[in-house]
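One chain, chain A, links the two complexes that follow: it is found with chain B in the first and with chain C in the second.
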Partner chain A sequence: MSRIPFSHVMSAHCESGTLTAMLNHHGLKISEPLVFGISSGIFFGYMKTPMLHFPSVIARIQPGKIRKNFAKRSGIKFITRKYSDPLEAERDLDRLLEQNQPVAVQVDFFYMDYFPSWVRVHINVHFLTVIGKNGDHYIVSDGYHPEIAEISREALRKGRFATGSMAPKGFMYYPVNVPGEIDYREGIRKGIKDTVFYMLKIPMPFLGVKGIRRFADKIVEWPQYARDIEELAHEIFKINVMLEDQGTGGGGFRYIYASFLREAAMLLNVPGLQELSGRMMDIGDGWREISLYSSRMAKNRDLGTEKLKELGNLIRAKADLEYVFFNDLKKIIALL
Partner chain B sequence: MSALTLPEIKLELKKLILNTLNMGTVNPETIRDDVPLLSGDNAITIDSIDVIEVVIAIQKRFGVRMDDQNLARHIVNTIDTMAEFVYAQQQKNGIR
Partner chain C sequence: MKEKDIITDFKAHQVILYAEKGDNSIGPVQTGSYVSGHYIDEFFNFMGMIERESYEKLQKGEISPICLYMNIEELTLSELASRVGLPKRRVKKHLLPEYFPGIKVSELKRYADIFNIPVANFFQIISTRQDDKWRPGFNSEVENAKPLVIGQTETDNPFVVITKPELNKQ
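Showing the complex of A and B:
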């Protein structure tokens, strides 16, 4: 068995958690919320295109952007690679492990069989770190798992080369030349500035706060997309999954962003950010209530127009709160 | 509010879960502390829809918050993990 000494910690979100653990391993002390905030991880989008059978809702920026944005704002370089040949991907992985280099990989969560079967679903954009080998098994640090785990070569290969939307294609990365210390202040400012732009100013009616409003307005139309009440219930339940279940840290990533603002307040010495952190926690609570409401609707198959309207009203109230919140954040950041 | 002991928290949690999920006919003492509630191997089985009900019920009953630092999905695993979380929060909040 060969295992690289690696500090395993559980994380709120797989992409920011994997990146944080990797940076910590290379000697840079940074928290997951700071990584998430600097990379402008929080977002909102309501998608409905002819390609999509059902509307899709997201509460974070697109997969891969957390690392890219963080790299841009920290100056840290990452070696990244995708593969068409699984054997070549494994050879490179083995070589890097022999050089004591932990490697972050993108996988389909479903094949990560160290999790019990009842929690495994197909999500093609799960991230974890490979930290060693034990015979024909890899040793991995997965932020959603309480401890370091082992996975067979075959299962990891299936995960890394799963097909479908956002297929991993064997994607892997690791950082090079990580400094022991970074002045995060400019990264924090840039991260917040971009978040404010994404949430308030991005000129598309289905993104940012406008996306939350569209979600609120359009939810009453969802029955027309569903084949039957079972499909509608499934899609309504997915609101809860999107807000609470997909490694969001809870409240649709709002809690982790609140933690980021609390840390930013200390690093920038701006008490106003501390106050906004508390407000963002409350907004997270509100999204959690929406999770509960939609879960109950789905479970009870209580999916009539009035219920959908009420769900829309709850979502609209969050849009109102977030509109005021991000405008206040914009005012604070403009002074820095 | 005075602090509850771990066994008291466990019993409270079992009653709370049964009450929240309308499983009032189940004897709380039959629920095992160390077996995941989602696994199908305990006296009650909750599903992923129930998890958010349980999260919010625990937050309201015990005045705690399962945020990004606390990882709700990991906590709502067994009675043991939930009780340890509530107990730790009590200590953190200075409830003795």
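Showing the complex of A and C:
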């Protein structure tokens, strides 16, 4: 068995958690919220595409962007690679592990068989760090798993070369030349500036604050997609999963963003960000209330039009709050 | 949200949430998942119902085995077609029992990889250990109490699997 000494910690989100653990390993002491905020991780989107049987909600930016944005804003370089040949990908991975280099990989979560069966779904944008090998198994640090885990070579290969939308294609990365400090002021400023654009200005009616409003308006139409009340209840339960469980840190990523703002306020000595952190925490509480409310509705099969309208009103109130919040954030960041 | 208000006792599904701590800082808190901790039975019941209905339809010849596994894995037609690399209209036909005999074995293998099952399982209904590891309704406390389980082991030949009864050592 060969295992690289690697500090395993659970993380709120797989992509920001994997990147944070990798940077910490290379000597840059930085928190997950700071990585998340600098890379403009927070977002909102209400999606209904032919690929989806039911509408879906996302509360974070496009997969892969966290690393890309962070690299751009921190100046840290990453070696990245995609593969068409699984054997070549495995050979490179083994070679890097022999050189004591932990490697972050993108996988389909479905094949990560160290998780219970009922949490595993096909989603091609899960990230973890490979930190060693034990015979025909790889040793991995996965931010969603409480301990370091082992996965068979076969299962990891299937995960890395899963097909379909956003296929990983064996994607891997690791950083080079990580400094002990980065320019936090510029990183935080650019990170917030882009977030404000994504939430307020992005010209699509289903993204940003407009996406929250669309979610509020469209929730009453959900019964038309369901074959019966059981399926509708199952999908309403998923609102809780999408906002709390799918690696969000709670409240649809709003809590982790509040933590980022608090850290940014201290680093840059800007009291206004501290005040906004408190407000973002309250907004997160509101999203958590929506999660719990929708769970109770689903449990009681209380899914009539009036109840769905009430849920829509709760969501709309969050859109109003976030609209004001991000405009205030924009004013503060203009002074930096 | 305060740290004390966010804690759920559910060891099988742990998550990290950010919460306000006693010293007014905001930090990560490891806790059980709220929805899993409170409503996991709802999930098992729904997925169990989908699974039972799909197995019944399969045995009556109303759907193909591809459709059975697509339902169990909650995949949409578009997503399955995208994963298997075939046109949607062709996959749609593969969901029907009358078109199932015309599917190439190489295509069946691609489907099997997506569902993470041996190709052989498209032609038989068995309760297997490998199935139990991934199927959504698996209840380890019940299944692992069985004195005998059926294990499936892959071979170097991608189309051949060894299926054999074993004593349950758990």
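In the analysis below, the second predicted complex is superposed on the first by the 330 of 336 C-alpha atoms of A that agree within 3 Å, B and C clash if a C-alpha of one lies under 4 Å from a C-alpha of the other, contacts with A are read in each partner's own complex, and residues count from 1 in each chain.
Throughout what follows, contacts are C-beta pairs under 8 Å (C-beta built on N, C-alpha and C of every residue); 3 or more make two chains touch, one makes a residue touch a chain.
These numbers were taken from a predicted model, which means no experiment stands behind them.
Superposition note: with chain A as the common reference, chain B and chain C are in steric clash. Residue contacts after overlaying the shared chain place A:Thr163 against chain C, while chain B stays out of touching range.
In the superposition on chain A, the chain among chain B and chain C reaching more residues of chain A is C. By the touch criterion defined above, A:Asp113 lies against chain C but remains apart from chain B after alignment on the C-alpha atoms of chain A. Once the two complexes are laid over each other on the shared chain, residue contacts for A:Lys318 go to neither chain B nor chain C. In the superposition on chain A, no contact is made by A:Arg67 with either chain B or chain C. Clashing C-alpha atoms with chain C appear in a single stretch of chain B, chosen from 3-11, 21-29 or 57-65: 57-65.
Once the two complexes are overlaid on chain A, the chain A residues touched by chain B in the first and by chain C in the second are 10, 12, 32-33, 116, 118-119, 144, 146, 237, 240-241, 244-245, 249-251, 255-256, 258-259, 281, 284-285, 288, 291-292, 295, 298-299. Of all the residues in chain B, the ones that touch chain A in their complex are 36, 38-40, 48-49, 51-53, 55-56, 65-69, 71-74. Put simply, chain C touches chain A in their complex at residues 1, 6, 12-20, 25-28, 30, 33-36, 38-40, 42-44, 46-47, 49, 73-76, 78-79, 82-85, 113-114, 116, 132-138, 154. Listing the residues of chain A that touch chain B in their complex gives 10, 12-13, 32-33, 116, 118-119, 144, 146, 237, 240-241, 244-245, 249-251, 255-256, 258-259, 281, 284-285, 288-289, 291-292, 295-296, 298-299. If you check the complex, the residues on chain A that touch chain C are 10-12, 17, 32-33, 50-53, 110-111, 113, 116-122, 143-144, 146, 154, 158, 162-165, 230-231, 233-234, 237, 240-241, 244-245, 247, 249-251, 255-256, 258-259, 262, 277, 281, 284-285, 288, 291-292, 295, 298-299.
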